[in-house]
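Once you scroll down, you'll see the structures, which are given as structure tokens.
Look at the two complexes coming up: subunit A is in both, with subunit B in one and subunit C in the other.
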Partner chain A sequence: MTASNQSSRAAPAGGTRDGRRDVIVRWAVISLLLTWLALPIVPLLIWSFSFRWFFPDVLPADYSLRAWQYVFSPTSGVLQSLRDTLLISGGATLLSVIIGVPAGRALGQYVFRGKSIVELLILAPIIVPGIAVALGIHVLFIRYGLANTLFGVMLVHLIPTLPYMVLVMSGVFANYDTSYEAQARTLGAGPIRAFWYVTLPAILPGIVVGGLFAFLVSWAQYILTLLIGGGRVVTLPLLLFNFATAGRNDITGAISMLYIIPGVVILLLSARYLTGNASAVGGLGRL
Partner chain B sequence: MRIALLLGPALVVIAALFLGGVGLGLARSFNYMPIIGLDDPNLDAYAWVLTDEDFLLSFVLTFHIAFTSTVISAVLAIGAALVLRHTFVGKKVITFLFQLNLTIPHIVGAVGILYLFSQSGFFARIAYAAGAIERTSDFPALVFDPYAIGIILQYVWKEVPFIGVIVLAVLQSVGQDYEALAQSLGANRWQRFRYVLLPLIMPGVLSASVIVFAFTFGAFEIPFLLGQNHPVALPVLAYRSYTDVDLAARPEAMAMAMVITVMSGLMIYAYVRLSRRYLRAG
Partner chain C sequence: MTRLNLHKLTKRYRGKTEPALDDLSLEVESGSLTALLGPSGCGKTTTMKLIAGLLEPTLGDILFDGRSILGVAPERRGAVMVFQNYLLFPYMTVAENVGFGLKMRRVDRATIDRRVAEMLELVRLPGLEDRRPKELSGGQQQRVALARALIVLPKLLLLDEPLSNLDAHLRFEMRDLIRDIQRQMGITTVFVTHDQEEAVVLADKVALIFDGRLQQYDAPTAFYETPVTRRIAAFFGGVNFFQGRRNRKQFDCAIGTFSAPRSAIADQPGILSIRPEDVRLAEAGAANSVAGRIHSHVYVGTHTRLRVSVSGGHEVCVVTDAEVMKTHKPGDPVTLRFPEEKLWVLPPDALVEPTAAHREDTRFGVTKTKGCR
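Right after this comes the complex of A and B.
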């Protein structure tokens, strides 16, 4: 399917029979692809509204809002889990922005000795799987009382989110022109004023997109939370897993829908920044 | 000095958490942890793990999962990117949907695959309605199966858009000039793909594939949910021995974590080599 579908723009398209066949094949491939991409979400959505859906019914025998009522009931713990997940991911994002933006500037704008080693150190946590790091660090978290706490989980989420933020920001700063900042300084602005009024507005879109995606990286963590949270910190993915293995497909479906909303919203907010620029997407392989 | 101030906090955090985690894991895999009285390092855990049949079966299974998922994802992603790169009506919407799947966490996709492909899942029900099967056990085992088909399906679902978006970005920056030139020289469609486009996109495809391989080799929750009971994927085996009631099994868990780290170290090496070559070529 690779070579046959790439009709060249140089070839006469549209009117000819060959061009029309290309268009049909292309749309067939696209429909198939998009169906496949959407397919796993469909049963989750249907399950969340189902009441009875036994084999061999292709569609539920009865529908109800039972699962959704459970999810939004103050006593079920789902909302509490949602709050904890938001706190952890929000905190990890905030810390990543504060620590990651200056580091991104250093990597994006300066050449210095040992830079390639620093870059390697930033790249490594993005590629090395969480479980390999978390098993080792667990003993340290237990020793300092960070295991089984929200703050501990937030800290351990920095392992994937911070390097990601640094990478995105180093890309942003590599394209940032420092002459405006220098001009502000010659006009008498101090370093803080120059940063606040000149640098920050220029890099803000980068910070926002990088931060939103760092949030998603934390939002998707499973094994780091499971190990460091020790079963005490139950974020949405852990809750989702518990209901999935307990066979409560309706509640699993409803939690899944709740859980994917931030990603959809974030993509809607940042889609225009992403076209033709893979740097923000680069870290999403980990989600 | 200024650089040290800018970089300092990030390096301290990454060194403490990441290098600390890997370093402590390494020490523990040698059964060396002076703070709890273990001050006589040895290689017992490695000797045990590397001759253990369960470990070897897990390693082979995990390699199969990572390799197969990566190759299928890369091939489909190249095809998808080649189709998607042309400007036509609705391209924006389609590219958006293509990216949407990137934001959906793996665990959601894994549950979705479970509900689609299990023996009482959506496709089994359709097969029943079509008269192809009479009971659930007639439906082929596509999840919890020895070939890890469900796990691979989930990874392919998730990683095709990931590699695809990267290939699309490369294709956009390459433009159509080289192809047009090749065509004017008489290259047919296959030749234009094989000798013009493929070499141009290959560095991007390979570096994205390296990330996918490292991820699929070390990911935990997908094989934890969709995998069979025995043998399990390596991250699941490491987690199981770590949480084993017998604390003596912990050095073995750490040794397995180190095997995963070494595999991803190889991937980082490959990634750096590839991106340097890419920079030189570009």
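Right after this comes the complex of A and C.
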């Protein structure tokens, strides 16, 4: 908007100035956010390509690809760890959805005796440290042969992921009119098809958002994995911790790059999905 | 074509002391159109959901063609319900909505497409296949919902307040459309309404329900000519009620003595009633008449409503020709004739139902009437 434009139309001029201030504020917020999120990543990225980097130099003295070669070499186990982490988080997410949708429906729609107790129990893992719960579960897992297994870790990840899923879904179902399902039933759909054709499309955004949350929560688990996996199940966070404590900043940096990919993808996806915009960037612009 | 029987149907929602539906029995003839009429909260939707299988009755039975369908899942009953707020599936197009029932019956695509087009033609919405529900007006949504129900040729069509969300003009149009289609297809139909006029115009038979109890199940005219209780008469616009008692061939009441109609039981108290449109203006001294003075009049276009003060501080409401406006003024004396064949005697309220809503003063002659509307 040019100055001449502003002066020629007196009344909307204030609005235009406000509009411009809005744009400035919005971009300030977005740049701040991006800086906050992206800045810590920059040194990691540089580390992953560094060969020697001494304090107080601003940049490394020498560069190399050895960290990345290590990450992608089949013998280092990084790729296998990536695969296991994906399996565990994907599985935990799937289980969260399968359990969380009906549980959320029950909580969101029905009033029943003891509902508040059930709600409290579901939220408990968010409040009580997961490790306390996991310690109790560990004994059971050992008995049933689940300790030190991938599946066992996947199950124990449900402790932190399920509450998110149930919370999101109970919110979704509180706003969902089940008459639609009843309508489908009288038109000849059995309960399963009524759910599939009528309810699922309506609650899908909730499932996606809840699922993304669940995935990220599982993706970030460290203590539960260590406890139940007993060091046999090595997910990316464990691997990262190992290299970080060993002082291998270059490899830590490279693995970190792998590690943040799902977060970034999910951020862009959800921005797009939540705002319903055609492009992911457009979605961000609406923040 | 299906005959529907409700047999001693009772529904008590959990945690409620009063049943939403209490011992309701009625038979809906095959191919007929029946109205469930009653004020808000009387249990109309509950009845529909019970028939559709969306609720389980607490007691009683539901029969289609004489066979109980209580154990049958809603999707197998063949009773399609159209909800008050249409409930078009928002994620589907109009065509997908209308074709839904056939898809669930695994009918092939080509047939579905053809039948959808036919149905949209039938409800006078041709060519709207690809629209989304939110791109339709209320009336159009209503028609799509109707088409979606009709396409499966239901044994029983259940319409929950099909007209209440439409404006007056559309309401008349939809009313005729529903009536035409129902006649044409011969589908046994039950529809819910709280509007007595709608019930009377559309239905072959009307079931009037108050507080979950069936009050009267009859042809529409019966509710005007031979209502069973004063409350029913009042629901259908009756306003002239006078406590009295039959005395041989006479009926004595607070505003005068009239020849006793056959509905009056000898030596029993009763409520004399006459519909406002049946009261005639007459010459002074005519038989079966009462003298009074015009209290006020309202011109309603097609007719005039008079409030006439008569003896004992009572009022008689009269609906008469629009012309009367010009010849009569408030304060003018008039004589009102009550044609004998139009008089109807109702049982005293106390004998029928001393419900809270109607615990009015029912001592001889001081029954309060709702007044002329």
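The rule is simple: the second predicted complex is superposed on the first by the 232 of 287 C-alpha atoms of A that agree within 3 Å, B and C clash if a C-alpha of one lies under 4 Å from a C-alpha of the other, contacts with A are read in each partner's own complex, and residues count from 1 in each chain.
Note that in this section a contact is a pair of C-beta atoms (placed from the backbone, for glycine too) under 8 Å apart; a residue touches a chain by one contact, two chains touch by 3 or more.
Computed from a predicted structure; not experimentally measured.
Residue contacts after overlaying the shared chain place A:187 against subunit C, while subunit B stays out of touching range.
Look at A:239: by the touch rule set out above, it reaches neither subunit B nor subunit C.
Taking subunit A as the reference, the larger set of touched residues comes from B, when subunit B and subunit C are compared. Applying the stated contact rule after C-alpha superposition, one finds that A:102 touches subunit B and leaves subunit C untouched. Shared-chain residue A:201: touches subunit C; no touch with subunit B.
Contacts of A:179 after superposition: subunit C is touched, whereas subunit B is not reached.
Applying the stated touch rule to the two superposed structures, the subunit B and subunit C interfaces on subunit A have no residue in common. Against subunit C, the residues of subunit A that register as touching in their complex are 177, 179-180, 182-190, 193-194, 197-198, 201-202. Here subunit B touches subunit A in the complex through residues 3, 5-7, 9-11, 13-15, 17-26, 28, 33, 35, 75, 78-80, 82-86, 88, 94-109, 111-116, 120-122, 124-126, 128-129, 136, 154, 157-162, 165-166, 169, 172-173, 176, 179-180, 183, 189-190, 192-194, 197, 208, 210-212, 214-215, 217-221, 224-225, 235, 238-239, 242, 253-254, 257-258, 260-261, 264-265, 267-268, 271-272, going by the rule given at the top. Within the complex formed with subunit B, the residues of subunit A that make contact are 1-11, 23, 26, 29-30, 33-34, 36-44, 47, 55-58, 99-100, 102-103, 105-107, 110, 112, 118, 120-137, 139-140, 143, 155-156, 158-159, 162-163, 166, 216, 219-220, 222-223, 226-227, 237, 240-241, 244-245, 249, 252, 256, 259-260, 263-264, 266-267, 271, 274-278, 281-282, 284-287. Contacts from subunit C toward subunit A in the complex involve residues 49, 52-54, 73-75, 77, 79-81, 83, 85, 87, 89-91, 100-101, 104-105, 148-149, 152, 158.
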